[in-house]
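What follows is a group of structures, each given as structure tokens.
Both complexes shown next keep chain A, but they swap its partner, so chain B is in the first and chain C is in the second.
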Partner chain A sequence: MAEGLIVRSLRDGSLPGEHAPALCLEDSLPSPLASHSHAVFRHLLTSLLSTGTGTAVVLVAFHRSPSFYLSLLSPTFHNSIRLLDCYSDPLAWKPNHHPPPPSHSPQNITLLTNLNHLPHFLSSILHLAKDLGAQGHERVTVAIDSVTHMLRHAPLPSVLQLLTNLRCHEKISSLFWLIHTDLHEPKVISSFEYISTMIASLQPIVQLPDYANANISASITSLEENYSKAKFNLRLKRRNGRVKLLCEELLIEQGSVKFSSVPSVSSVVAQNLIPKVQFNIQLSDKERMDRANVVLPFEHQGNGQNIEIYDGRRSLSESQNDPSSIKIGGLSEQKRSNNNKSEKGEIHYIRDSDDEQPDSDEDPDDDLDI
Partner chain B sequence: MAEVGDLLAEAMGHSLPVGKVVLVGDCVETSGAFVLHLLLKRCLSLDSSFAVFVALSHPFSHYDRVLRKMGCNLSVQKKNGKLHFLELLDFSARSKENSVDDGFCKLYNEIRKAVETARSKDTKASCVYIMIDDISLLEIAADGSENDVLNFLHYCSTLTSEMDCLLIILNHEDVYSSEEAPRLLAHLQHLSDIEIRAAPLNTGLAADVHGQLTVINKGLLNDDRRSGRRIWNFQFKVKENSVEFFYPGSQH
Partner chain C sequence: MATGGGQQERPTRPSSFSRVSSSSFSPASSSSTSTSLPPGVRIGANGAAFVSSGIPDLDRILGGGFLVGSVVMVMEDADAPHHLLLLRNFMSQGIVHGQSVLFAGPTKEPRSFLGTLPSPVVQKEGLKIKHDVSDVQDKEKGLRIAWQYKKYFGEQTAVDSHNRDKKQEFSSDFDLRKPLERQLLNSQNVECISTQDAFDLSKLQNHCLTFVSKLSMKDGINSNAGRIAIQSLCAPQCGYFEKDWDMLSFIRSLRATVQSSNAVAVITFPASVLSNSISKRWQHLADTLLSIRAIPDKDLAKLLTGYQDMLGFLHVHKVAQFNSQVPVILDASTYSLKLQKRKSLVLERLNQAPVEGSSGVSYATSGSCSSSKGSLLDF
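On to the complex of A and B.
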């Protein structure tokens, strides 16, 4: 389900007047799948390109050679992808007379040699996107592997501005990037999370205390398990501000990626969302009972009539004769008889359910995926 | 072909790995230099091979003496053009004429030129190794600039894919074990495809066992791996002219 949500969001792009959707894919060394986060990266690329809806990809390659990415994808997708080669010579260290490696295909690979100049970097990406658009591809997704490499050559504000500019551009329908969380300070990670609409993080199945200095001999079994599985946590930001959380299990088998849902974990994730504050925002059992006994305004007319709770199966008149209806104590019969004869306006409030939270303001249409 | 040691060869892949970055980590208690010596001997023992050795830690005479006891004459190999040895004991990337960036650019181009020359002579060379001893001295040469060191290592790693080389880096992990500076180590771990860690035994010192070696072979997505195993842990004993590898309790 997480994979489907991500691919659908990236494929559909944005509504007019909105920024393009952006996925921030996070990994770290404790999840050995960090080396295979590229498996997830490749999986997303393949899923996008195989939707057959005119989607194309501009891939900005920092970590591996362009030929590596092309070798991961089926040749049928090679016409729908353009690679910006920031791997081979990003700082122009190679002599000018040095010929490009023979494995490079000049048709869909563009070499970038001045990574320190971000405006040129941005214009290179947009040029490739326009090139794809001119070939009939209606939607162009930009994929960056990885922004960690970008941050070694440019300051954080410049990189964030570049990503925001890409999201704003009319030729770019969606964007996703990879970032290694253990190579940056938390505020840097948070900055990228703020400008993204989806945040997917890879975490180990078995938590080990310290990857770098771990006593590996004692934890080989756990490490081996971490190499084949991982937790895939996805946080989706909806347009109305609501955040949806999903937690699934990820399996790597012979280079292919499979997602499986783990329902029991999502409740744990939801519980962990309760903010830890200094005052108690939870109710004790006694407090819940006392709240249940509180009579809300408009639930009684001061005439001793029963509180009516509509159960959806019978008419209101039948429920009035129901002996299980709650009766209000302390009201005299005389008041009841007087109010029955009164012609004054009355407000009849019927609570839908005894379980309804009085402060609930949940939009019933919130679950619609329009 | 003389094998490095069955367990180490098995962990790294019996077929010579190319296009990969190998990170060898050690600490004060257990030196990992013997891994470099073994891999260098393995490379040079092949008929068609070439090695570039960037030595910041010891002079040529040191490695020549060690490898001679292991049955490999570095002087002859150097004379035959199979070894390009860069002795950089006093190397400083910054100079009066150059910035740190320029200094590393020159060093990278010297390495690249040596590999290109070897490839042009023998395009079917089965084994081309680039070995760096070690990263902490490289950082000193860069006046502490971690970014310049990473740029240099990135360019060296591009040679692994462009020239089908194997890049082997020795790193003293305990230099970067403090909380303030774990980032270079983490960068190296993200960069590497194979990690080899030499560490002391959990039980302390022993006469017959000198330490334990952990090999993490991460593999690549398009790797044809017969076995899904990625982690090996075994013990070793460094002898005068060889190294023994064995699982705990199985030493003869």
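On to the complex of A and C.
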């Protein structure tokens, strides 16, 4: 379900007047699936391309060579992807560089060497996006292989400005990137989370034990599990301001990624959010009406009928045969189940003793002679 | 340290609206000076001057509104955009009262934010007529009329009938679905600045200084109050984001500027993108500190009533106080943001959901200090 949500959101793009949705895919070292996050990245890439003909992707490749990505995809998709090659020569070391003309599909790959100059970077991406748009793809998604690599070359505010500008641009319909959380300060990670609308992170299923106390040997074997599974946490920022949290299991099999929903873990309710909660003692209108309809266990209700109040001594059948008496629900455990909620409210009154005259307990001052 | 100095200066604020003497509450003197107050400013407890925040509930919670000369900081939540609701109401209130407004935002076109400002809800005619009637009466009966009409206004501090129609105008209800009229926005009083491409805050600082000096330039005529609204001051995409100490000194200088003038500054900032120590410093610099929290979906439905209508939580950390050493102690510090009839923003106290009848156990929270999952409440 999480995967479906992500793909759908990235594919749908943004509403007019909104910024494009952005997915921040985070990975961390404890999950030895640092490569697995890349598998998720590739998986998203292929699912985006394979769903529908309208989506096209501009891929900015830092981490792997562009040919690697091209080999992943079937040739039918080669037309809907444009690659910005930042892998081959990011620091412009090769003298007199020009786009290498290999024999296979060179037209999707654009070499970029001047990575320090971000406006140029932005314009290259937009150029490729326009290219794709001209070909008839109305939705262009930008995928950045790894923002960590970008941060090597440019300072944080400019990278964020670039991403925000991409989000605002009308040619780009959605955006996703990969970031390695261990290589940056928490401030940097939270800044990326700030500008994204979806945050997905991979965590290990089995945490590393505390070496001081735990029984190490037993727990290390369970760490094996980490190699095949991981926890996939997704945080979605919704349009109405609510946050949706999802947690699923990720399985990597034979190079393909499978998501499965985990049996519901009891979510820890944010206790610190509500320090002081009061009870609402105001009544709503419906509640007021219901209150007016409750029959009170008085001896006389004021409508001329004599009321018998069950005092626990008379048998059930006798009171049932008495037509003039109104039962005040004191027999609830025999007649009705506890969970039966009738429309009117009920008041159960059981009298103390038979000796008391009716209404004698009402007013102790009755015998005063004034 | 500068913040320590700021703390000491707080009780004596030389803004031109407030008065130090406590005889301000006698009807004779207040009526003579009440005519000299510009619209939108009210004298409240301890002779302090308040402007409305645009949300009547928030004014009531803070004890009158935002203090003139104070800096209000709102800590944003990275997941939800509700701080914009507070900013919008604040700016609309200023524009409706004819006060000068300065807005700074981290976008290329901050002017477009003005298009989202709400317009005030039109008051019903019946209440208006009663105000005129009370005006006609003379002063002695004025107090009695005030008592009679108290039930229409709920609780309030001692305000005589002469000020009553001003009271109604002090804070208006805003309809978030209707945008503010164009001609109000195009007046000279509203300025917008973009902070996205700025590499340092000197430009913004100069703008604030000139804005505040323009406020006090009109001598003789009562200078109006001014409002400074800065959205997401430490947004990560701004060029000065890595310069922590520059941002802190900007806030300090803004605080000093605003303190001796008739302006109120509201700054929102995403606290999660700052490092812990810097974030604490920001929070200490605020006179009034509020924070917004987003609600995780469906998580708290068992605990609270009215959960579906809630947009988010508003938490009040600090409330500014002037001319008094007594701190403000609130009944509750967390409120829920709701949209009433989908148009106006209200703040409500949180109510616990009714206990499950059959089980008799409620998932009660036991305060912020306990870390357990919740205690069983047995009736």
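The definition used in the following text is that the second predicted complex is superposed on the first by the 240 of 370 C-alpha atoms of A that agree within 3 Å, B and C clash if a C-alpha of one lies under 4 Å from a C-alpha of the other, contacts with A are read in each partner's own complex, and residues count from 1 in each chain.
Convention: a residue touches a chain if its C-beta (ideal position, glycine included) is under 8 Å from a C-beta of that chain, and two chains touch if they have at least 3 such contacts.
From a predicted model like this one, the values you see are computed outputs, not experimental measurements.
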item	value
Partner chain(s) touched by A:Asn293 [first = chain B, second = chain C, both, neither]	neither
Touched partner set for A:Pro157, first chain B, second chain C, both or neither	second
Touched partner set for A:Thr76, first chain B, second chain C, both or neither	neither
Touched partner set for A:Pro95, first chain B, second chain C, both or neither	first
Touched partner set for A:Ser65, first chain B, second chain C, both or neither	first
First, second, both or neither for A:Ser190, with chain B first and chain C second	second
First, second, both or neither for A:Tyr227, with chain B first and chain C second	first
Complex contact set, residues of chain B against chain A	101, 105, 108-109, 112, 147, 150-151, 154-155, 158, 161-162, 173, 177, 182-183, 185-187, 189-190, 193, 197, 202, 212, 214, 216, 218-219, 221-223, 228-231, 233
Residues on chain A engaged by chain C in the complex (per definition of touch)	155-158, 160-161, 163-164, 168, 185-187, 190-191, 193-195, 235, 237-238, 240-245, 267-280, 338-339, 341
Complex interface listing, chain A residues touching chain B	29, 32, 34-36, 38-39, 42, 64-65, 67-68, 71-72, 87-91, 93-95, 101, 103, 148, 152, 180, 182-183, 212-213, 215-218, 220, 223-224, 227-228, 255
Chain C residues within the chain A interface of the complex	78-82, 108, 196, 235-242, 270, 272-275, 293-297, 299-300, 302-305, 311-313, 332-334, 349-352, 357-358, 363-368, 370-371, 373-374
